[in-house]
Amino acid sequence: MVWLAAIITLALFSILYKENTAYRLAEHIFIGAASGYLVYTAWSQILKPMWWDKIVQGESYWILALVASSMFYFVFNQKYVWISRLMFGALMGLISGMAFKGFAGYNMDQIHASFKPVIVHGHSFSQSLGQSLSNLLFIFILLTVMAYFFFSFEHKSRVTSLPSRTGRWVLMFAFGAMFGATVMARMSLLIGRMNFLIHDWLPLVRRFFHF
Amino acid sequence: MSHATWTVAIFEAILVFFILSKIFLARRGKSLYIRKIAGLNAIDEAVGRATEMGRPVLFSPGIYPLDISTLQALSILKHVTNMAAKYRTRVIVPTLDAVIQTMAEEISKEAYAAQGVPEQFNPDDIRFLSNNQFAYASGVVGILNREKVASSLLFGYFAAESLILAEAGHNVGAVQVAGTPAFMQIPFFLTTCDYTIIGDEFYAASAYISREPTLLGSLVGQDYAKAVIVLVILAGVITATLSQFGLLPHWMNWLHLFNPK
Amino acid sequence: MPILRHILYFLRPPVTGFLLHPSSPWYLWALGVVADFIIVGGIIFYLLKLIPNRGRKIFIGIVTFLCGAVYAVEFFIPSKAGKDANFLTPLTQQVDMVTTILYAFAVGLGVYSLISFHGKKIAKMRAGWPNSLAFFIAFLALMIAGFWKDAAPSKISANLYDLFFKVGVANPGATMFSIIGFYIISAAYRAFRIRSAEATLMLVAAFIVMLGQVPIGAFLTHQIPNHGVWGFFRFENLSYWILRVPNMAAQRGVSFGVEIGALAMSLRLWLSLERGSFFEQEL
Amino acid sequence: MNLFLNWLEKLQHIDSRILYLLLAVVLAIPLVFNMSLPIPISPAAQGAYDAVEHIPSDKIAIVSVNWSSGTEAENQPQMDALIRHLFLRHKKFAILAFDPQGSKFGEDTAARLSKELGKTYGKDWMDFGFRPIENMVLTMQGMARDLPGTLVSDIHGTPLSAIPMMRGVKDIHDVGLIADITSIGTIQAWIAFIYGPYRTPLVYAPTAVMAPEAFNMLDAGQIKGMLIGMKGAAEYEKLLGRKDFATKATASLSTSHLLIIVMIILGNVGYISSRRRRRE
């Protein structure tokens, strides 16, 4: 198993040098296995417990779900293709209906958390000052970034466009920070893989070739 | 929060009012101004380049199943395939979700038919790869290399695989334009792609490209909605600061209305 | 929604609803499901055909609106006292379940796409057909191992499934994920140049945060006392502050815009106002 | 001089394959040669260590394992270090997972270390196995009021009354510490439903990406300490006076970050020299 896993790992890593036969093979195995897994879990985790078992237990109106799903497959028929659009329409409706809840659930907290006092009454002078400056900066950045995303206000002079230009600069700074913060997590994963190759696989290789 | 409070209901009603009223105003023919979005002009450039080189365009609609960001990606796809069909250029769309794949197929088929070349549409170009994020990424990397893609357009919600797709695209020398609402992934697109559409610009894309009055109106309405949020936050900051020093009577402190707990 | 359930129970399909018993063998149930599918599907198909060409678009619009209304109305109606639910909540839960099932059935569309793509390649022996063969082998291996494990649970079948899953799915997944480690260095090397003010800002932020994350950065500034004003300038504190204040503020500013954009798009879809985005062809 | 400038200019177009190779080498060296670099102890890791030291002898600890193979590189060394510490200080603990894969990892790790340090199952440690995440909040609230009544049996199906170390354990007041080793947002639930009402000390071991937002909880005292990804595990190993995987891996982390920084600087040196040349 370690051998197989190591070979697939190395084959996938080989893309870093150049696209090649080994990579292609590993890629197709990966996609194949993932699709097989998809079919298996679609049945065993969703359709079996949520659909089949219910029909067998007497809620046979769940047949309707199968009928509805079959409507997707009308895409293959030019004459009745509109029946598949009916399904797409229904799904779009469901998704858009959730938007009100989704919007409130996410943004009310965010708005509430933005009500930061810009003059803070803290334990000590330096702490108050630090916190006040931090909050002031926070609000400043929040507003300039939002200014950058106003699309319909014409900026005629350099003065009126100043907030949105500042917003873009601040954004770039934030993106840089985001980039820097992600490096460690990604490197940790790579180290995990390297460790697998060095400590799990290499000893097997050594034993195999007797050195 | 499982149900709307009064604050939420009123707040959302105000936002919806602005968006809808601007849509209807625009439909009646009011002309509207939209600022330039550089990355979106680059889409045409990318398709043009692929045509010149006689190579295909790759369009990835992101890794989410059907949701608002993916639907927006599909509406950008519509524009891209329309253009590509005009120039008889192939658009390869690898997808992560079967429903998205089917919708993308329909959109492409229609675009080629609308340009009078239905026979140019090849169903094999709209591919379902896998619902596994990284199997999908490995497949896209394969396509980028094997099909000698000239331009790669990445629009939609992406997660960690964003950098795999964009670096692989860069390594094959494709012109890349990317746009995602996922804040975490924007830095990776910024560092690897030729043009990156940031945050909100992603949702402005279809209005900007199509110049459809409904969408332009909606975009202006969105600006008003954002202005409402700005005003609420400013008022909140002032209230919070004043009440910190007890300068406001208790009943005037309305901040808790926005606290859903 | 007990009323809905009663109506549905009353209208249950003929074969599975009346003829079969829970103790009937599974193949009879499978046949019954197929028979009922043909009967019920046929009726619904006939009814849909009755809709005139011009009415189709309107009909789709109505269905879209009603589907969206289930969630929207459920959200805005206050919940019953002492509970976290109103009279529509059970319905939304049912709808959630139906959507999950629809998606699971739609998997077939994707699998069809994959099989036809790779099947054609093998049949015509096109370039790269051995890869397509590998696809089929891996596909069948995992699928069969999975079903076998459920049908005949034993140590062998469980281990076989475990092996296929680890080698074919988990292991390459972890590998592709870790490839990002390599790509992150080439991306950083290329992009972080002091070409413009914007690029320089990105560079500076990335630099500080990267140093703040690893022990070596903390080691560089560990001479600075960790309290008072100066402590702020230790790499780990500075990097934490950058992530918490400027970065979070920018992120929030972006997210408000994105969320409003999504809300507006949802509105347009729900009310069928969206133009020029999806399907235009006459039905 | 010109030759030198030419050479400098080339620094801005280093082939990425060379970068990949350099990175692989730089990552591998500490792993192969057991190298370690200085690791300053952060207050967050020290807090976690102290919290374990101060578990009262009549109370048990709960190690909550909520991660899967995707974050093995970060969470496994954290769990190793924490469980080793518990064993070394003779603190009794139980493993509780809300992730089926995590349950397996937790069981394997504890069994391995228990064998290494000569501990006995049931007396020094035990394993509740896996509880579905959908019921996480109910499980937490239930075990706070009635632990044996909620968790009922261990991973092998043995009732808790038959496990010696669980005899005196009735509710959350017999739990002296909860360590959440996680790659998902489980800590919020622990804080809301356990720390909030009962003030049971919490130790948090998240992945590196999750750490920044947790500093607020640390400031507020909701968590006593935190191990930030692999780096946190390395600090803990140092506190335990050991040099295990995380110490080496953190050296790899440091070297790889240094490599990135050096490459960025070199790229800029090349860029500046070519720009200066063009100006001349």
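Per-chain residue numbering starts at 1, and chain names A, B, C and D are given in the order in which the chains are listed.
Here is the rule we go by: contacts are C-beta pairs under 8 Å (C-beta built on N, C-alpha and C of every residue); 3 or more make two chains touch, one makes a residue touch a chain.
Small disclaimer: the values here were computed from a predicted structure and weren't measured.
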{"item": "Contacts common to subunit C and subunit D (chain labels)", "value": "A"}
{"item": "Labels of chains that are neighbours to subunit B and to subunit D", "value": "A, C"}
{"item": "Comparison of A-B and A-D (more C-beta pairs in contact)", "value": "A-B"}
{"item": "Averaged-CA centre spacing for the pair subunit D and subunit A, given as whole angstrom", "value": "23"}
{"item": "Between subunit C and subunit B, distance of the C-alpha-averaged centres to the nearest whole Å", "value": "17"}
{"item": "Between subunit A and subunit C, centroid-to-centroid distance (C-alpha), Å", "value": "9"}
{"item": "Per-residue multi-chain contacts in subunit D, two or more chains", "value": "16, 20, 24, 72, 208, 212, 231, 253, 256-257, 260"}
{"item": "Sites on subunit A at which at least two other chains make contact", "value": "12, 15-16, 24, 26-27, 30-31, 33-35, 37-38, 72, 75, 85, 88, 91-92, 95-96, 99-101, 103-104, 107, 114, 139, 142-143, 146, 149, 171-172, 175-176, 178-179, 181-184, 186-187, 189-190, 192-193"}
{"item": "For subunit B, residues that touch 2 or more chains besides their own", "value": "4, 68, 71, 99, 102-103, 106, 129, 131-132, 134-135, 138, 146, 160, 183, 187-188, 190-191, 198-200, 204, 219, 222, 226, 229"}
{"item": "Chain-level touch network, classified as line, ring, star, complete or other", "value": "other"}
{"item": "Every chain pair meeting the contact rule", "value": "A-B, A-C, A-D, B-C, C-D"}
{"item": "Residues on subunit C engaged by subunit B in the complex (per definition of touch)", "value": "74-79, 84-86, 103, 106-111, 113-114, 116-117, 120, 128, 169, 172-173, 176-177, 179-180, 183-184, 186-188, 190-192, 202, 251, 254-258, 260-269, 273-281"}
{"item": "Partner subunit C, residues of subunit D touching it in the complex", "value": "12, 14, 16, 19-20, 23-24, 37-40, 42-43, 69-70, 72, 208, 212, 215, 231, 234-235, 250, 253-254, 256-261, 263-264, 267-268, 271-272"}
{"item": "Subunit A - residues contacting subunit D, complex", "value": "16-17, 181-185, 187-195, 198-199"}
{"item": "Of subunit A, residues touching subunit C in the complex", "value": "1, 4-5, 8-9, 12-13, 15-16, 24-44, 46-47, 50-51, 55-70, 72-73, 75, 82-83, 85-104, 106-107, 110, 114, 126, 130, 134, 137-146, 148-149, 167-184, 186-187, 189-190, 192-193"}
{"item": "List of subunit A residues in touch with subunit B within their complex", "value": "12, 15, 19, 23-24, 26-27, 30-31, 33-35, 37-38, 72, 75, 81, 84-85, 88, 91-92, 95-96, 99-101, 103-105, 107-109, 111-112, 114-121, 139, 142-143, 146, 149-155, 171-172, 175-176, 178-179, 182, 186"}
